[in-house]
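If you scroll down you'll find the structure; I have some questions about it.
Chain nomenclature is as follows: A, B, C, D, E and F, assigned in order of appearance, with residue numbering initiated at 1 for each chain independently.
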């Protein structure tokens, strides 16, 4: 068993080439390999589908900013008690929003966070998708429209909440541990070089 | 708006070739196009990732039979109040298990279904993943091992529950309607030709 | 122990005459003896009271059709995880409504079922009675009136939900098994003779 | 509308003879007419079935004392937030058990009440029937047997909890008000004559 | 271990002087020593802070009557399943409100109690504080204002619910038993001398 | 209305002397005035009782370290969705435990945190006190004893959870905002001077 997870983690050298390439790319960008890459790599087909889905939702154009998408991830993951995703995506909220306080606020109680009413409506819909999706009805879409969200935005919000709800369950099942680096990212301004 | 979903459904002809090919293949096999293909096709990248993930979990080798995987889908989807997935995958439970009663039993209360103690343990773990994944611990894996499940099987159970938990939320958000054909599939023996 | 229930089932011949007569009548009508008759017969006084109550609610005149009453039973029984009642009364929904799809829809998530807004309001009240009866107040009756239900109809809805809530608990306690015949009833059109 | 209920209460004189006889009998015994008789009398067939069921469960022989049956009623009714039944049957707990404190203890938290471990196991089963009947399994019966309860006693416990669960929902729906007399019954010793 | 609590109760003589004085005063007023004084006295600093807080909330001036404050205590304590506080403060509701029925009504279901709409709004806010305080927002204060409560009254309501929520948890942890005297207080009119 | 809270905050100069002294002392120690002091100061008697209680629980001797006491606060406050207490006491967990990661772990899911089995048992008891105190029984104390906790430690754990449960409700009601300083405290090692 590895410290990163309840499951063994494969060595980098034995991974397929496309997965090594993806891991190398993220390492160059972030400066370290987020553990989710190392843990999921043991199942290459699931790894590929997971990150293809991730990219389709998180790197597409649309009415949600990158910071807003990460807020959805943090609020959803907190509701699902997922240690990995709250810590890792909290770092991204801080970085994209250039706000060192926001991730902790959203994780504990987004209703009290320093966000706009539009963002609060976005998170209300994400949480309804997370907790009571069988009760979603036309009134939920109407409320989002009042805040300027299109129906395509509604799909994005729900799909991000649904995808990370899956990710939360995988991380909880595998006892996936967030990298220590995430905790401090975006909290302190980097000194100018 | 289409009868299949709250969202518009693209016409077959405007879809990318690989998606048309996938839809054609399933239509040839099933005799109709399950609505999930029609509804998700409006977002090709998400379509591709969704079915790649689906296939990676549902068509791989491993300790779970095809019927058992579909039982996990039905029990999870019932807990998430997902009309589409209970009806569509209920049909698959009946077909794979050659049992016209089992899907309804698993959907209402798997604890009372005609399944083995091993299968009940499998569904207990799937439901814990669905409802309280933050409380999964070593004792859950130990109980699965007592029933002959390896840790790889545990991953499969949890991953199927997690993936269809995502699917349930998407279907509920999009008000995806199951095809009428699913309701009767596997309920009546096919006459010999 | 009998396959029908956790409790032993008495032989038909040792039953009191009025109970034998009731069972004979239902057998002639349905073509088989629904297990609830066989299982409850071991306690004749409770049997008599149970079916007297059943008939008083389900065979009286009033603003609810027979199919609507059975929808209340199915939605309530699904909320209470009662295998027997969902399967047996699902058959009655299909037959009375002449709709092979409706019972499964109501059992999984009545909010997404092919029912009228009036019927949805009816089921909302039945479910509130089932799950949060202590919070029923004047506003619930007002909403029913907007949909054309009288206060007598409201009593009927709540009483049916309450009676079958009792039935669900008895069936779950006794591990009562639905007859195999129920699963297929009303799903396939009967051929003309 | 009557002060006894959200629904109108019929005058005694217009009631069928058998219902008048039952009401007269209870009035002679109790010194007043408990409101449940007055409120349910508006629907004679339901009245008859209700009290026939009540008597079949509460006045039969068996392993539960009259006081224990009423404890089941009070604990169940408190869980269902039913004002009428907690107050009316609390009086009966005090009288049958000759204990002026017990009813309030059972209503607030039976785990802390002055009852035996056997009675606590009885109430645990009643509450499981009330709140999670779909999860009842063989281990529940085994635990009852350890405390000396037969399987017939188990049926009695569950049936009383189920019947009063129905009664609680009816009383909450009808806004049934307990008679003022119940509150003080059994609290003060009656002076010797 | 003492009959009053899971924890040992110190003898009166070994208590600090100020605590003895407080206990003597309450005994002279009530005619007996409420067990909460005896049980908490084993930790003098906590005793002093507890009763200082109690007095600051319950004996201050403001828009809530003494009887209303005790209603908040009873409704909160019932929601928290606290035997001690429901029984002891139920007595105070009866005495302050000169109403022998009200405490039992509020304990079982305050929505059905003989209270004013203003008092019902007060208890709705107390219960929201007790059960979902993270969702309190401006609309809760607006609703209280519609019923004539100032924002200082809102603080009082929430602070009483919060303080007794603490008290409920301490009493439940310590298995604190209410004095038998409380059960009957305020139920019977005292005869004129 | 102040940015610190939904309620107005008094100016320092108008506060009573003892409260000014307490505030001055904490400011000298921490380098800033934590907002809880500023917000509660508007009600001097409640302020005094609150901090007397706080000190009685948090600054006494006993079997719990200062860091462990703060872990109880963070886990409890996360369960109660209290933004102020998770952020402010998270800082104290980091400082006392000299661990920059621990507070976030305990806030999201203490079961996955880097704590000892003994500390996990401590937090299980704190959370049971927070969420289901009416079900605490002898087995909970027995489990604590297995981990080396005395019954006095059990009281401490429960009393801290209960006191901060009160504090969480007050902070949520008053919309109390944590000082920005707390977010970063204990996350970065201070450079040697």
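The rule we apply is simple: contacts are C-beta pairs under 8 Å (C-beta built on N, C-alpha and C of every residue); 3 or more make two chains touch, one makes a residue touch a chain.
Just so we're clear, the structure is a prediction, and the values are computed from it rather than from any experiment.
Common neighbours of subunit C and subunit D, listed by label, are B, E. For the touching copies subunit A and subunit F, the fraction of interface residue numbers used by both exceeds half; the interface is of the same-residue type. Looking for a copy of the E-F interface in A-C, C-D or D-E, one arrives at C-D, which has over half of the same contact pairs by residue number.
The mean-CA centres of subunit C and subunit F are about 52 angstrom from one another, to the nearest whole unit.
Work out the mean CA point of subunit B and of subunit F, and you get 45 Å between them.
Inter-chain spacing, taken between the CA centroids of subunit B and subunit C, is 29 Å. Subunit A and subunit B, compared by their mean Cα positions, are separated by 24 Å.
Counting only residues that touch two or more partner chains, subunit F has 81-82, 109, 112, 134-135, 172, 175. If you sketch which chains touch which, the pattern fits none of the simple shapes: not an open path, not a single ring, not a star, and not all-to-all. Contacting chain pairs in the structure are A-B, A-C, A-E, A-F, B-C, B-D, B-F, C-D, C-E, D-E, D-F, E-F. Residue ranges on subunit A touching subunit C, taken from their complex, read 134-135, 137. Across the complex, subunit F meets subunit B through its residues 109, 111-112.
Across the complex, subunit B is touched by residues 6-7, 43, 45-46, 48-50, 52-53, 55-57, 60, 80-82, 129-130, 133-136, 138, 141, 151, 154-155, 158-159, 161-163, 165-170, 172-175 of subunit A.
For subunit B in complex with subunit C, the residues that touch the partner chain are 78, 81-83, 86-87, 90, 100-101, 104-105, 107-109, 112-113, 172, 175, 177, 180, 183-184, 187-188.
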